[in-house]
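Order of writing sets the labels: A, B, C, D, E and F. Residues in every chain begin at 1.
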Amino acid sequence: MRVTVSRKAHFNAAHRLFRKEWTDAKNLEVFGKCSNPNYHGHNYELIVSVTGEIDSDTGFVIDLKTLKNIIKREIEDPFDHKNLNIEVLEFKNLNPTTENIAVVIYNKIKPQLKSSLELEVTLYETARNFVTYSGD
Amino acid sequence: MRVTVSRKAHFNAAHRLFRKEWTDAKNLEVFGKCSNPNYHGHNYELIVSVTGEIDSDTGFVIDLKTLKNIIKREIEDPFDHKNLNIEVLEFKNLNPTTENIAVVIYNKIKPQLKSSLELEVTLYETARNFVTYSGD
Amino acid sequence: MRVTVSRKAHFNAAHRLFRKEWTDAKNLEVFGKCSNPNYHGHNYELIVSVTGEIDSDTGFVIDLKTLKNIIKREIEDPFDHKNLNIEVLEFKNLNPTTENIAVVIYNKIKPQLKSSLELEVTLYETARNFVTYSGD
Amino acid sequence: MRVTVSRKAHFNAAHRLFRKEWTDAKNLEVFGKCSNPNYHGHNYELIVSVTGEIDSDTGFVIDLKTLKNIIKREIEDPFDHKNLNIEVLEFKNLNPTTENIAVVIYNKIKPQLKSSLELEVTLYETARNFVTYSGD
Amino acid sequence: MRVTVSRKAHFNAAHRLFRKEWTDAKNLEVFGKCSNPNYHGHNYELIVSVTGEIDSDTGFVIDLKTLKNIIKREIEDPFDHKNLNIEVLEFKNLNPTTENIAVVIYNKIKPQLKSSLELEVTLYETARNFVTYSGD
Amino acid sequence: MRVTVSRKAHFNAAHRLFRKEWTDAKNLEVFGKCSNPNYHGHNYELIVSVTGEIDSDTGFVIDLKTLKNIIKREIEDPFDHKNLNIEVLEFKNLNPTTENIAVVIYNKIKPQLKSSLELEVTLYETARNFVTYSGD
C-alpha cells in the first residue's frame, strides 16, 4: 500500500529573472518586467509530497514532524525573507525561474529522505502560476 | 528533467445538459435541474498544465506569457460570457458536461503547443466538482 | 454581548444584465458582454451574517440549522440552476446586477428572522467581484 | 478517452493517534499531542476522484449524483460528527492516522464503483497536511 | 489614521455541544449530532483583528511578532489538540458553541493589548460557519 | 440603499522594512529579517471596496470596469513587479509596512472616485497577515 503524504509550507522572497551571460537588453527582451534590476518578490507556497509504504507500527508513511523539520532546515531557513539571486547559493549561477527553484528544492530535500521514499515538489509562485517536479 | 508548469484561468458561461437526440422528458430524467431549458451557469476555473524539459537558456518549460496568450485566444475569448450550447461551435452537437468541455479545451490547446510538450487540463465547474483530462 | 454568526451557501445561475426600457444597442453599450442575449452564468457564493445576542440557554445567536433552512427555502431552491432574468420573479423588472441580487436576497431573508436580529448579505458573483448589503 | 472526475466532500470528527498494543507513555512518545487521551478533532476535507471512459450517451464518466450518494452513505453518514476511535468500526484496531483513514475510505468506496473505474482518494486532515491513495 | 491589522491562526480541537443543566435527551434534542457524547472536532481558523493608530516610528499598529506571540500563548497553546469541554477551564461550565468560544478568545486577548487598541475576533468552526465578536 | 462593491486585484513586489533615520543595527533590531538589505517580496492581494447608492439606471454602485481601470492605473501599473522602496515615489521616505501601503493605496484611489462614494482598502501581505483602512 503506497500512499502519498503532502505538507504545505511557504517562504517570502525577492528575485529577478536574469542570466549573467546575457546583456541587460537581452534579459529585458526575454524576461520583461520579471527582469527588473531592482527585484520584485513573491509569497512562494510549497507542497512537499512523499510517497511510500505505510509503516505498520506508526500508521505513518513519514512522521510529519520529521518532514516539517526537513522543510524548515533545508528550505524555509535559507530561502525565507531572502533575495534568491544574491543570498541563496544555488542561484548564484542559475536563473531563479519557478521551474529551477522547484528542481533546487527537490534536490535539497531528496537526500534527507530514506531512499525508499519518492518525492514530488509543487511550488506556487503566485496563486495562478505553479510548477511540479518529481525527479524524472 | 521534465517539469510541469501550470497556469490558472477562468471563464463565466451559461449552459444546460442536453442531448438533441433525446426528448425533453428523457433529458430531464437523466440530467435533472442541470437540463433546465432556460439554462444556468458557472464560473469555470481552468488549470492548464504543460510538461516538458526545462530550456537551459531561459529556465522555462514554456514562457507563461505564451501560454497565457494561447489560453486567452483559444478558450477565454470564445467561451467567456457565452452560452456554451448556442454560441460555442464545439457544443452544437456535443453535450457540454464538464468532461466534454475539458476534452474540447484539451483538443483546442494541444495543437498550439510544441509536439514535445505534454498537456493536462483540469476544469472546475464548481468549487466541489472538477474534471482532469490528459489526452489518454 | 452582540455576536455575528455567518453561514456560507451557493447557487449556480444564468443571467444577463439588461434593462427592458433600453434598446439592445444601449444595453450592449452600457453592459458590454454581460448583456449577451444568450445569457452567461456564475457560481454565486453567498454569506448570510446574522447579528444578535447570544441566547444564554443554547449559546447560539441563531441555530445554524434554522438559518440553513431559511437560506435553502428562500434563496437556494428558487435561484439554483435557474435563469434569474426569466425564472425568478424579483428580476422580471429588475436588472440582476450583483448589487440588486444582494438586495433581493436581503429582502427575502430579513422577514424570516426575529426582528431583534440584524442581517448582512455578502454575495460573490466571481472570486474577484462581490457585494455587501446590510439594509441601510 | 479516459477522464478523471472529482467530487469534494467533508466530515468533522474527533480522533486520537493511539495503538492499543503500546503503553500510554510509548503512545505519547511517538505521537505527541496527537495522542491526547481526551481526543482532538478536525474538519476533514475529502476529494474522491474517479477515472474512466466518458459514456457517449450521457457525457459522464459517472453521474455526480450517484457519486455524491455513495460518498454520503459510505463516508459522511458513518464518519461525520463521530469519534473515529470509538464509533467507527474500521478504527477499533487501526490507528486513525490520515494515511489509514484514506485507505479505509478507498476500501469502502471502491466496491461501490463499476470495476472499470479507477479510484483515487485525497484526504486533508488540515489545510496544510493531506494524503493521497489510489489502491497501489 | 486608524488602521486594522489582522493575523490568522488555527487550532484543532474536540468538543461537543452540551449543557450540564440539561438531560442527555434534552441536549440531543437541541444540539442534535453536535451533542455526540463521544465528541467530534474541528480545525478552527481564527482571525484576530486589532485596530489603532499607526505608530509613526515603526509604521505598525502593532508588531505582528507581538500579536503572534499573544495568540500562541493565550489561545493556541491552551486550545490546540485539546478537548475543549474537558481540558479548557473556560468551558467547564460554558457550552463551547462557536459564539461562546469567540467571546472567550476575545476576553483572553483583550487584556494583553494596550487599552487604546480595539479588538475583533473571527472564528471559523468550518469553512461554511463562522462567528465575529468585537466586545459590544 | 447603500451597498458595498468589492473588487480583488494583486501585485507582486519587493520591499524591506527600513527607516532612513535609523542605523542598520536599529532597523535590524526593530524589523528583524523583514529589514534584510537585499530585500524580500510578496504577492500582495488587494480588495478595494466602494460604498454608495445603487444607480437606478444601471443597477451599479460603480461600474466594475471603471473600478478595475482605476486600480490598474493607480496601483497595479506603478506597484507590480517593482521594488517598493526604490521605485515607488510614495515610499522614498515612508517605511513600506502593510499599514502604510494600505494608506497610500487609499490615498491614490480616493480622489479618482466620486465624492459621494466611500472607500475601504484591504491589503494582504501574506495569506496570514492583512490590513484594512477606510480613511478614518
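Following the convention adopted for this analysis, a residue touches a chain if its C-beta (ideal position, glycine included) is under 8 Å from a C-beta of that chain, and two chains touch if they have at least 3 such contacts.
Remember, it's a predicted structure, so these values are computed and weren't measured experimentally.
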Shortest path length from chain D to chain F (each step joins two touching chains): 2
Chain D reached from chain B - shortest hop count over touching chains: 1
Proportion of interface numbers common to chain E and chain F (over half same, under half different): different
Farthest chain (mean CA position) relative to chain D: F
Chain centre separation in whole Å, for chain F relative to chain A (CA means): 28
Centre-of-Cα separation between chain C and chain A, whole angstrom: 42
Interface hub residues of chain B, defined as touching at least two other chains: 127
All touching chain pairs, where touch follows the definition stated at the start: A-B, A-D, A-F, B-C, B-D, C-E, C-F, D-E, E-F
For the chain E and chain F complex, residues of the former touching the latter: 1-9, 49, 54, 57-61, 64-65
Of all residues in chain D, those that touch chain E in their complex: 10, 12-15, 33-34, 36, 38-43, 80-83, 86-87, 126-127
Residues of chain F touching chain E in the complex: 17, 19, 30-32, 94-100, 102-103, 127-133, 136
